[in-house]
Each structure stands twice: as C-alpha cells, then as structure tokens.
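Two complexes are shown next, each including chain A; its partner changes from chain B in the first to chain C in the second.
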Partner chain A sequence: MTIKKISKKDMVKLLADWGLDSTVLIPSRDEGVIEMAEWDGKDISFLEWYRNTVIPPKSSFLPPMEEMFTFQKNGNGYSIEVSAEQRKRIIFGIRPCDAKAIAILDKVFMDSCEDPYYVSKRKNTMLIGLGCNKPYDSCFCTSSGLSPTESADVDLMFTDIGDDFLIEEITDEGEELLATAGAVKKASQADVASLKKARAAVEGMVTRKVDTKNIIEKLQASFGDSDYWEKAADKCISCGVCTLLCPTCYCFDICDELTKKHGARYRGWDSCGFSIYTKMPMENPREEKWRRVRQKVCHKYEFFPMNYGVIACTGCGRCIRSCPVNWDITHVLGSVPVEQPIKNR
Partner chain B sequence: MAVTNISPKKKKLDEQNVYLPSIAVIERIIEETPSVRTMHFNFKDEKLRKKFVFESGQFAELSVFGIGEATFCISSSPTRNDHLECTVNRVGLVTNALHRLGVGAEIGFRGPYGNSFPLELMRGKNLVFVGGGIGLAPLRSVIFNVLDNRNKYGKINIIDGARTPADLCFKYDLDSWQQDKSIDVSITVDKGDENWTGMEGFVPAVLEQVAPSASDAIAIVCGPPIMIRFTFPVLEKLGFSPEQIITTLEKRMKCGIGKCGRCNIGNIYVCRDGPVFTYAQMKNFISDEY
Partner chain C sequence: MEQELRKEAKKLLEDGKVDYIVGFAAGTLKFSTTPLITRDKEEVASLVINPFIVNNLAKFLTQLPGRVGIVAKGCDSRSIVSLIQDNQVTRDNLVIIGVPCSGLIDMVKVEKLVDRDRDEIDNIAIKGETVAVVISKETMELPIEKVLFDNCLDCKHPSAQEYDTFIGEPNDTICVRGTGEDKIKELEGMTSEERWEFWRTQFSRCIKCYACRQACPACFCERCFVEESEPKWVLPLPKWQDNLIFQVIRNIHVAGRCTDCGACERVCPVNIPLRSLTKKMCGLVSEMFSYEAGMDKNAPPLMTAYEYEEAKDLIR
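This part shows the complex of A and B:
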C-alpha cells in the first residue's frame, strides 16, 4: 500500500474537488451538537476543534427519522410511492470506532434480507477516516480491538502528522478518489516514521480499559443474577440516550402519518431502554428496568457476537459521555460476577 | 419420534423493497367475539393472488394507512387459498383501526414472514392441538391443513378453551370439527353461562382429563402466556418430551425481518428464527424473556 500525503493548507481544495460530483459531509456544529453535515465549501475549522461527533455517523445511513414511502388515498383505495433517489456522498472525518460501527450495521442491514433504505445510502457513500489526536477520557476503543488512528473499515484513512495528513488507501474506490486530486503527493520515509510515532502517541492516550476476555461466557453465566443486574441498573433513568447515541444501536420503530388524503410511513430510532418498546397487550417481557439494562449490555457483548461474530460495541464512549446520571458500561462489564449461581432461569 | 429442531426459513426474500406493503381488499368480516374479528381479504393485484404462497404458522404485517402496522398470524390455511384470513383482537392503535374498517376497505399486507409448523415431521403422527382464546388462530391454519390431508396423519385431538362462551373464537369451525367423526374435540370455558352445556375448567386441567397419549404424538400449543405456562407441565406429565411439544411465540414486532430488534430473546429473533419453536428449543434459549 502506498502512503500519500496532503498539506493541511490544501484540504479545502481536496474537499472541493470531491464536492464536484458528490455531496461532502464533514463534522459540523449546530447549536453545540456535533454531527456529520453537508460542507459549505469553505469552512474546515473543524480540523481545529473536532474530537468526535455527538450524533454518531449511523444517522447518515439510518436517520433518526426517515420517510419510507408516501401514500395517497383515492376514493376507497391507496397508491404507494417510494422515492428511491440517492445522491453520491463522501463522509470526511469519520473516526475508526465509528467506521467499525458502520461495518457492524452492514451485517444487519446488508444480510440476505437487504434493507433497501440503508443499502442505497451505504452503496453511494464513501467513508474517509480521520485518526484521533485527542481521544476522550471515556474512550475505550482499544478494548474492542480497535485503534484510534487505524481503520480497515474506510476507503481512505487520514492521520494528522502536524502540517500534513498522511493518507492510506484502503480500498480501490478510495485510491481512485485520490488519483485525480492535484494536491496529493507521495509520502516520504520520514513521513511514514512520523506516522508511526503519531499513532503510538495517540494510542497511549486511550487509558480506559475493559476486559472483554470470555465476555460472552461471563455474561451467559450471570444472566440470571437479577441482584447483579438490579444493582447495575439502579441509577439508570431509562432516558434511552445511551442507545440513541450509540453508533451500533439500530433498533427502530415504524409509524404512519396522515393528513386528509396524503400520508407517509416513517421509521425512526427506538430504544430497548424504553419499557414500551416490548410492551404487548397481555404482558411485557422487559417491564423491569434491570431487564432492559441487561438487554442493552448483553445484546452488545453476548447476543450480537453470537449471531454475527463481533462485539457490537466500538468503545467510542458516547454512552458514558452522554449519560445524565453517569452510568458507565465499562464499570458494569468490569464487575460481571463470574461464579454466581444461575437464578431466574 | 421426537421433532428435531425447527429451523428458521433461509429463503431469500424478494428482491423488491421488503418494507413496501401490497394492497389487499377486505372481502368479508366475521365478528368472533365483542373484541375479536376475522377478516377475509385478497390482494388487489390479480397476479399476486396467484403468485402468493405461505405456510401454516407464518405471519404478516397488516397496516391501516395513516395509522400504522401490526403483526398477525395468518389464520387461514394454505390448502384453502381463495383468500387469506387474519384474526384481530382489538387491543391497540392498529387493531382498533382494523376494527373500524368495513368490507371493501383497503389494507396493507407485508409477508409472509417467519417459519412454519413442521408438517413434514408431523406426518403420520397423532396430533394434539391445545388452544386458548385467540390462540386458536395459528392452530386453525394448521388444523385445516391437516384435515385437508386427513389420511396423512394419525389421531387428532383438539382441546380449546376461552374465558366465557362469548369469548370462544371460531365457533363455526369448532362446530364443524365436533361433527367430524375422525377427530376428538373438547371445548371448555373457564366459566359457563346459563346456556352453556359444555365443559367448564381451565384448558390445562381439561387437557389433563382428556389425557391424550404421548405415544407417537406431537402437541401443538397456542394461547395466552399464562395458559402456555400451565400447559407445558401437564403435557410433560402425560409423557410428552419437550421435543414433542411445539408452540408459536408472540412478541411485539415491527419489521418482521430480524432488524428492528424488539422480538429479541437472547440471541433469538422470534420473527426471523421463529415464531414456531419446540419446547426443547425454548428451554435452550439463553434468556427467560418469553
């Protein structure tokens, strides 16, 4: 793999080149909330302040609310219309943890039963990674087997080495994207050496650790330990923010809206943190809060890996940063009782 | 003898947008009880009517446009395919809207989804159907399927119940099955009224009285969770192994295709991996949330 480089001064030009036939999304601040949003063609000040987005990039593929189709009432009947058009997009600045999260969502939405809304967005979007240079205290990506500066889940990977970015071409499509970009040069031996140095430095900044060894077995063994889970859920207020802002959480709801004759079906984010999520007329399997907290943790670290072979947590730390009562998944995972008797089975 | 594990359907769904409903037209409505109705419907698209196939035990997402979608088992049998039937208990937003519709109204239909009752494995066996309330709906699909191929199965025993005589669903079917000399039918209510001349008592208790033999038999159970919880131990007492007991699980669902997340029991998704499971499979679930 050839490593290329670009001067930070030339970034506007590069993004503008890409913007000629794609919509470019970059980390943007809207009333303090950071998320990937359409670039205005000028401002790249995010390079100064950006650590990670608040709203995870899943929102570009599985939006908080999206229209699935519209329908129209004609007399007694209905006609349905789908708008299938999808623009080409380039997301610049996605962090390695969030790129991994998209790869995890791919497993759900691009399986043998494809989700057309996700797939059309995914197939038309290039991911350009940007390595972290200042991880949060709440970050623990290295415990999920990830690196804050490396990624195999993007098309191109950028790493900050001071005045320049070094660029790794991960996919053929990524390579093509650089082929016509004038400001991109080949990196020197010295550049590659500074890349390694920069990486090691950032990696050392991720100090929060979770022991995920045998986590599936540990969670299985303590699944019925309601005392443990009640304690783990004690301060949770079921606000759902940890799931809504989680880059790998994908639960959704489907709902309709109708004016007199026109209507639409939408889907939007939902959360296993809400008791109504599983509520049925006769009973609710997860009425108690501790069951919902257990579901959230076990889905990420037990059920998802059983089904898809990968832990559905990237260690991005958003759930820790956003929790209003300082609930901390790393504390919960770190204290799973290993040799408790199995109750409530 | 034992039913091996019932596997999920692996077939790839149609290439088209899986979330797009097909339009179906209500052709007939049967008010089963004050809160339950069965709707007979057909696809508006003639080609789809011919092309559409499903198996007993599968379910669908029905929608009232502008109100939303909800999950229902198909309560008619693939062996009687001039129309489809779903039976709707009026409990929430969508079911109330479905109850407001009349003949000729158009609804949305997505499906069929999920696996089905293992007819191949049931072939040649004695069958015991245990139903309660609206739980007879999925059983009814497979009962018709079996009755329409009567010589392929052994003895058939149907035990069905409801809280009161007014809560019995599919009375017309129960009547015709009672006339059928080739099957044994026991109908019970928790509490009868002045006109009730049949059995009284909970379904599990009646099952214990009827005591169908477990030999070379399969029991298929569907009813409210409380009935299922009390029925399994009775069946085990009668000698049925967990592998000989089949049920279909009800969960809140939205997508029907294993994505939206809410029918999750451990690593199982009821919509994708079920809804039909043996009791043996359920015992192996890594969660107790069913």
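This part shows the complex of A and C:
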C-alpha cells in the first residue's frame, strides 16, 4: 500500500474535486448538534473543532425516518412508487469506530439479507476515514479491539500529522478517488515515521477501558440473575437516547400515513429500550425495565457476536456522553457477575 | 453538607424508616452526577450535592415500591408534591430530605463560552456571583447568570418546599436573576410565520427518543398517547410536524404539573429548546388560574378543579 499525503491547505480543492460528481458529506454543526451533512463547497473549519458527531453516521444509511414508497388509489386498485436513493456520495471524516459500525450494519442489511433501501445508499457511498486527534473521555474503542486512528472499514484513511494529512488507500475505489486529485503527493519516509508517532500518541489518550474477555460466557451466566440486572437498570429512564444514537443499533419501526386517496409508508429508528417495543396483544415479554436493559447489553455483547462473530459495540461512547442519567455501559460490563446460577429467565 | 446528608440517609435506612434512598452520586464523566437508588446503607456514603445534580429525582418515585427517602431540590420537591396531588405517590411513604440549591450549572453554556468540551475543562467552581473555569492552569471567570440553566435563572423556590428534614439552610431568594425568559421573549417578538419557521427547524432535529417525556416527573401516564395506534394521534416516527404536535399535547397534559425544573430541555440530545414551550405554558397557567404547580399537596390537581369564576374568561 502506498501512503500519500495532502496539505491541509489543499483540502478545499480535494473536496471540491470530489464534489464534481458526488455529494460530499462532512461533519457539520447545527445548534451544537454535530452530524454528517452536505458540504457547502467552502467551509472546512470542522478540521479545527471536530471530535465526533452526535448523530451517528448510520443516519446516512438508515435515516431516523425514510420514505419506503408512496401509493395512490386509481379506480379499483393502487399504484405504488418505490422511493430510491441513487446519489453518489462521499462521507468525509468518519471515525474508525463509526466506520466499523457501518461494517457491522453491512452484515445485517447486506450480507444476511439484502435490504434495498440500505444497499442502494451503501453501494453509492464512499467512506473517507479521519483518525481521531482527541478522543473523548467517554471513548473506549481500544477495548472493542479498535484503534482511534486506524481503520480497514473505509475506502481511504486520513491521519493528521500537523500541516498535512497522510492518506492510506484501503480499497481500489479509494485509490481511484485519489488518482485524479491534483494536490495529492507521495508521502516520504519521514512522513510515515510521523504517522506512527501520531498514532501512538492518540492511542494513549483512550483511557476508558472495559474488560471484554469471556464477555459472552459472563453474560450467559448472569442472564438469569434478575437481582443484578434490576440493580444495573434501576436509574435507567427508558428513553431511546443510547440506542438511537448508537452507531450499530439498527432496530426500526414501519408505519403508514394515509389520506383518502394516497399515502406513504415510512420506516425509522426504534429502540428496544421502549416498553412497547415488544408489546403484543396478549403479553409483553420485556415489560420490566431490567429485561430491556439486559436485552440491550446482551444483544451487543452476547447475541450479536454469537450470530455474526463480532461485538456490536465499537466503543464510540455516545451512549455514555448523551445519557440523561449517566448510565455507563462500561461500568455495567465491568460488574457483570462472573458465576451465577440461572434462576429466573 | 454532604456528610450531613450521608449520615441522615444512613440513619433512615438503619432505623428502617425507608426501604430506599434516592439521591445523587458522582457520575462517570467530568462534571456529571448520576441518580443513586439504593437500599444499601454503605452505598449512601457516595451521595453528593453539587451544582451538577441535574436530574429531577421525583421521576423515580412512581416506580419504587415501599418507603422512599428522597433528596429534593426546590423543583424536585414541587414535582413530588404534584405527584402527591395526583395520587401517584403517598406522602406517608416518603421521607423528603430537602437540600438548598443555588442554581445548577449548564455545561452546554459553559462549553460554548469557553469554546471547549466538557472533558477538556479541569475545574469549575462557583465563587459568589462568578464561576471560575480552569483549563490547563488558566482560569476564566464567568458571570454566574451566563452559566446557570435558564430555569434556574427564573427560580423562585430554589429550596425544597415540602420536606421532613432539611440539610443545610433553606434559601429562597438567591436564584432569581430575571434573564431566564429571554428566549421566550425573543419568540414572542417574532411574527407567527417566523415563529413557525423557528419551531419547524427545531423539531426537524428531533429523533423521537422521548428522553423529554421519560425524564419528566409530570409524565406519569402508563401509556402515552403517542403509543396509541387506534386512533393513531401522531406518527411514531420523527416527522417534524408530528414531533411538534407531540410536544404541544405533552405541554397541555403537564399544565398545572410542570414545575419548570427544565429536565426535558436538559436531556434533549439534539438541543431543542423545549423549555420555551413549558415555561410559556407555566406562565399561562399562572395568568389564567393564578396557580403555581407543586406548592400545596392538599390542593386538587389544577385541571380536575373548576371554579365558577373561570367560566367568564375560559368558556366563551
């Protein structure tokens, strides 16, 4: 793999080049809420303030709400028009944790089944990673086996080494993106040395740790320990902040909006934290809060790894940063009882 | 003060006067606290009182069985009274531990003023009318009215109104600084088109996480109207019009119950200025009914009581 570099001063030019045949999304701030949004073609001040988004980049593939199709009454029948997103997009600045999260979503929406709404967006979108400079105190990506500065889940990976960015070409498509970009040069030996130095420094800034060794077995053993889970869940207020803002949570709800002659079907984010999430006509298997909290933790750290071979938590820390009551998953994982008899499922 | 609180809480558990203590402990992030709900008399040693005790703990009362000892600031205590009025909790099952409050620090405001994130700040201390913020050994002095939550700037009852024991000295004059309604005045100054556009933009950010409802002690319905599917009052998904309707109806439901504690606005992950609706609603309640929520546990809930005189203005 060749490593290339670009001066930060030339970033506007590079993004503008990419913008010629793609929509470029960059970290943007609206009333203090950071999310990936369409670039205005000029402003790259995010390079100064950006640490990570509040709204996870999953929203570009699995939006909070999207139209699936519209329908119209014609005589005795209906005609249906399926909504499709076909724009070519480039997301610049995705963090390694969030790029990993997209790779995790791919397993669900592309590998195990093909979800047309997800696939059409995903296939038309390039991910350009940007290594962290300053992880939050809530970040714990290194405990999920990730690095704040390296990623294999992007097309190109940018690392800040001062006045320049070093660029690793991860995929062929990424390489093609750089082939015609004028301002991009080949990196020198000295540049590569500073890349390693920059990486080691940032890695050391991720101080929050959680021991995920044997976590599947630990969670299996504690599954019936209702006392533990009740205590772990006691301060949770059952809102959807942690799950909706989680970059890997993918539950959705579907609903129709109808008028007399036409209507639309939508889908959007749902959360296993809501008490009606599992409500059925006769019963609700997760009516009690502790069962929902347990579900959230076990889905990420037990069920998902059993089904897909990877923990569905990337340590981005959003659930800790945004939680109204400071419910901290790292503390809960750290206190799962090691051996408990199964008494109440 | 914290020592006194811990001692009191421990004693309540030891004497069997309560089954649970509900208070605040230090959080796992800088300048954060977390609700502490415990039956363990050793665990109460981690109780804290500081300008970051932002949750309204009354929320937890409706889900705890038995007798509860609860730490209450002014707004929490009024929410507790409101729950008693609504028969959601029984006064006899509560031991209210009143604490004084001099206003809580709004970290969003601090972050904006110092242009740094919470985790980049080393220390924050209130010194009289200024707040000293230390970042890499440099101290910035901010006027207190710039960093307290808007609702604290308007607070007329900072100390617990209803309590069994009080930790420290009640203070009832310190908080009002008169700038907590600036946002509302700004909105009132807009044309209706401008105001509509303002709320359209704000509610377009809503992700329907329901943190506002879940953090609100006045939202105690077992099943919220948004969860009804027949009839479906609003879409369960975050369409901005439906987000707005949800808040408007929520405001009507909590009229006479909302104590302007600010919990809804504080927990919103996308910074929607929800208090501009709730405080406006509280103002209307005061204007129309001369009523302040959570001040009298023996009063009937506002919306269940009817005075003959009301007919003149209300029913037309």
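Here, the second predicted complex is superposed on the first by the 340 of 345 C-alpha atoms of A that agree within 3 Å, B and C clash if a C-alpha of one lies under 4 Å from a C-alpha of the other, contacts with A are read in each partner's own complex, and residues count from 1 in each chain.
As a convention for this text, contacts are C-beta pairs under 8 Å (C-beta built on N, C-alpha and C of every residue); 3 or more make two chains touch, one makes a residue touch a chain.
Note that the structure is predicted; figures quoted are calculated from it, not measured.
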item	value
Touching partner for A:263 - first (chain B), second (chain C), both, neither	first
Touching partner for A:335 - first (chain B), second (chain C), both, neither	neither
Touched partner set for A:223, first chain B, second chain C, both or neither	first
Greater residue coverage of chain A in the superposed arrangement, chain B or chain C	B
First, second, both or neither for A:73, with chain B first and chain C second	first
First (chain B), second (chain C), both or neither touched by A:322	second
Touching partner for A:255 - first (chain B), second (chain C), both, neither	both
Chain B versus chain C as contact partner of A:285, first or second or both or neither	first
Where chain A meets both chain C and chain B, residue numbers	253, 255, 257, 267
Chain A contact footprint on chain B (complex, rising order)	10, 12-13, 17-21, 23, 44, 63-69, 89, 91-92, 104-106, 108, 224-225, 250-252, 254-255, 257-262, 264-267, 286-290
Footprint of chain B on chain A - complex, ascending	68-69, 71, 73, 76-78, 80, 82, 108-109, 111-117, 220, 223-224, 250-258, 263, 265, 267, 270, 272, 277-283, 285-286, 291, 295, 298-299, 302-304, 306-307, 344-345
Of all residues in chain A, those that touch chain C in their complex	30-33, 51, 54-55, 64-65, 134, 136-138, 234-235, 237-241, 244-245, 253, 255, 257, 266-269, 271, 274, 276, 289, 320-322, 324-328, 330-331
Touch list for chain C against partner chain A, complex	27-30, 32-37, 55, 59-60, 63, 108, 112, 117, 119-120, 202, 205, 207-211, 213-215, 223, 227, 232, 235-239, 266-267, 269-271
